[in-house]
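When the chains are written out, they are named A, B and C in that same order, and each has its own residue count from 1.
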Amino acid sequence: MTARLTARDITLRYGDRVVSTRLSLDVPDGAFTAVVGPNACGKSTLLRALVRLLRPDAGQVRFDDREVGGYPAKALAKQLGFLPQDPLAPDDIKVRQLVGRGRFPHQSLLAMWSRDDEEAVTEAMAAAGVEDLGDRPVQELSGGQRQRVWMAMVLAQRTPYLLLDEPTSFLDITHQYQLLGLLARLRDEGRTVIAVLHDINQACRFADHLVAMKDGRVVAEGDPADIVDAALIKDVFDLPSVIVPDPVTGTPMVVPTLQGE
Amino acid sequence: MTVTEPRERKELPRLRVERRTVVLTVVLLALLLGLALLGLCYGASWSTPGEVLAVLTGAEHSVVILDWRLPRVLAALVFGAALGVAGALFQNLTRNPMGSPDVIGLDAGAYTGALVALTVLSGTSAQLAVGSVAGGLLVAAAIYLLSFDRGFSGLRLVVIGIAVNAMVTAVNSWIVLRAELEVAIAAVGWSAGSLNGVGWADLWIPFTVIAVLLTLMATRAHAMHQASLGDAIAVATGVGLDRLRLLMVLVGVGCTATVTAVAGPIAFIALAAPQIGRRLAGAAGVPLLPAALTGAVLLQGADLLAQMLLAPVALPVGVVSTAIGGCYLIWLLTKEVGRA
Amino acid sequence: MTVAGHAPETARTRRAVPQLGLLVGGLALLAAVAVLSIGIGARSVPPAEVVRALVDFQGTDDHVIVRDVRAPRALLAVAVGAALAVAGALIQTLARNPLAEPGILGVTAGAGFAITVGSALGLAAGQAGELGFAVIGSVLAALLVAAVGRRSPLRLVLTGVALTAVLGGVGLGLRLMLPDVFDMYRFWSVGSLAAREQAPLELPLAAIGVSLLGALLLSRALNALTLGESVAHTLGAGVVRVRAATLALITVLSGAATAIAGPILFVGLIVPHLARRPAGGSVPWLILYTMVLGPVLLLVADIGSRVLLPTGEVPVAVVTAFLGGPMLIWAVRRYGAGAL
């Protein structure tokens, strides 16, 4: 397993609150990595550090042989695409314009809008299933539609790495599976996907590599089939459960044994 | 590749938005030229457009038009554009229309600098210029430092700016109260913003400064729009946020202070022009070009009205620009309610 | 879930005692500042003598000064401070916007403009006339701003600022054309308590008193409204009625305060920001705290306005801005700008 994107012994904090100390992670190339864990365990913080939105207090995040902070801004943006939880849409922006904003790292003062940009936007909108929304103002869309538009924006960036912070949170169940299927397809085409996911069963079904976090630490990582058992779920989520094979894919499926009071 | 029917339908709207921006630009430019021509014609004695054109092309000579009216008209256009851009920059920076330089106290700070030059020093135009640029920069630096606490927050900057504005305005009234009478009268007369009596000698430095600042900003306008998607997306798509913000602050402060040094604190154009411009253009976010054009039209139109309304007494242009811009902005906001 | 359900209850009982303590402390501070304010002036009266004059009037010179000049002025400061601060708290709660304030939302400007128009027509003489015009002006301004800014906090503030700008501009134009009005307005427009104590002001004072009481009665319903319209409906609060009543209180409070003292800005912005944290999200406590803190701020500012300048008085509005600015900056840096 090779990893171009790595975190070594990083310490992360927001203000005075230390989120993680001496955290290390290799993001396996060409794989679909899912990060799971209870609320506020440092999943999003880790992702933000990987795309250099947060500078580690100690340790390094490296892409190939350089620290991510050492790259020119646009050079790194051509490699790592990132979808945060709370992106901001400017007032009155149309869907197609917003998706086009994903082309920013590929443009310069002299080459503002090219045929490549046009193609990338059309393709990304089709992939995210928003091709019919092109002329709609983003602020009029539903939460789920908006999330797919943002997904299209990140796809239009055409990066080999996709880092996604809870990309399914506003989607209905059908769109959740469609999006995860899309991510798996992108992985098959050779891209590297790392996503924070809420639903452990979805993570087990779609990801090749599972990273379980708790209190800012990586508790376990590896193929879901190898690492997911009742003890891990009890440890990470404090949830008693039994693990059964997913009737469709055979991957581990967590069935909580908690039945109320 | 065959172009299918639905795809063509989808392409159209994007073109329509762009066309609207282009049409708006052309309309505003035409309006701007018309108002400028009117400004050159209007005065104590009316010159016909023909006479004005003859003077401009060098066929005739007229001190009144070339040395009195032309600098005033150009000042209104350039200053209006500079204020509009300054407003758009700060509104983008804070993601809030209330983040305009005049609301958060940059005008007031520049005015303080000028007041100090007037009362403590002898009040030459060089002192006024240096004083107001220094005042504007100091206030901007203070607001920026005060609002930078574990990262940047637009709303925090706006509220702190409003507080700073209140304090600086209080300092200004205090200086005027303590000043000798003739200085106080000069200072108050200047406080509403006026283009009365500007000549070429006052203008070439401000014009150069504004031209340099606007050119600098134009090269980074694309990145500024990208930054309106939020810090996370901006960084992830390759915007150097820290440098961009610094440039936006410097250009915004520079434009505001330069205009204030010559014409006094002309309030409200920085707030209104970007908001009017973006609604007219139907554009996403707060773009710079419509803001600049709207600012120029607003200030030149206001200056004309200021000269005409109570002629021969000239009103301070700030009073008129405020009244017109305010009414128009309220009207636009009203239309928005109906639509939403 | 049972554990989580209990948490707010215990938190509330635990907090009620310090909240009451803070209120008592605030009242003691208010009393001390009031005595100080009555004592300080061209002829200073020691605090003990002030208290004696108020409880046991002897008819000495000091006692006469206290009863006829100083005490009424302090009373005005208390009333105006409470009115502005509570109006600010109400408007911020209603608009769910930390920037909302009668001054920023154009309500004060509406009152000021109405008084200008009233005196231009020769109708705004006497306390009833002034109060009437001020309240009508505030009501019209508030209605316009509320109608245009409906459902969008940002549009609300924009409309308010635009309206303030327009009314300011038109008012200034009107005053430039009518020198008599200008003369009267110049005295009033600076925002001051000086020499107001002699004017008969029972009517505006009574209006403020009744409205403050009303605000307290409404505060529990407003508490429900802060959870959002739909929740308020399910909790059984008549949203429309509560809104209308609150709006009426805001306009009467700021109209009456403006009629008494002229436009004093920022008290309504600053005081609620200071009181919000100790109030811990409870509107009744917020109203109580602002009712105490507003007068403290204005009394201190009024003392400052009398001692700062040896030759005369600094308008209290100038001192308020100077005192309140740093407080607001501190509160925003400590607690954040959006903490509503």
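To be clear about the criterion, contacts are C-beta pairs under 8 Å (C-beta built on N, C-alpha and C of every residue); 3 or more make two chains touch, one makes a residue touch a chain.
Predicted model only: the values in this text are computed from it and were never measured.
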Centrality ranking, top chain (CA atoms only): B
Greatest separation from chain C - chain, by CA centre: A
Where chain A and chain B are represented by their mean Cα positions, the distance between them in whole Å: 42
Whole-Å separation of chain centres (CA-atom averages), chain B against chain C: 33
Chain centre separation in whole Å, for chain C relative to chain A (CA means): 50
Residues within chain C bordering two or more other chains: none
Complex interface listing, chain A residues touching chain B: 14-15, 48, 51-53, 72-78, 80-82, 84, 86-94, 96-98, 101-102, 104-105, 107, 109, 112, 122, 131-132, 134-135, 153, 157, 163
Chain B to chain C touching residues, read off their complex: 96-98, 103, 146-147, 149, 153, 155-156, 158-160, 162-164, 166-167, 169-171, 173-174, 177-178, 192, 267-268, 271-272, 275, 309-310, 313, 315, 319-320, 322-323, 325-327, 329-330, 333-334, 336-337, 340
Complex interface listing, chain C residues touching chain B: 98-99, 104, 144, 147-152, 154-155, 157-159, 161-163, 165-166, 168-170, 172-173, 176-177, 190, 265-266, 269-270, 273, 309, 314-315, 317-319, 321-322, 324-326, 328-329, 332-333, 336-338
Residue ranges of chain B in contact with chain A within the complex: 7, 10, 12-14, 17, 95, 150, 219, 222-223, 225-226, 228-233, 235-240, 278, 282-286
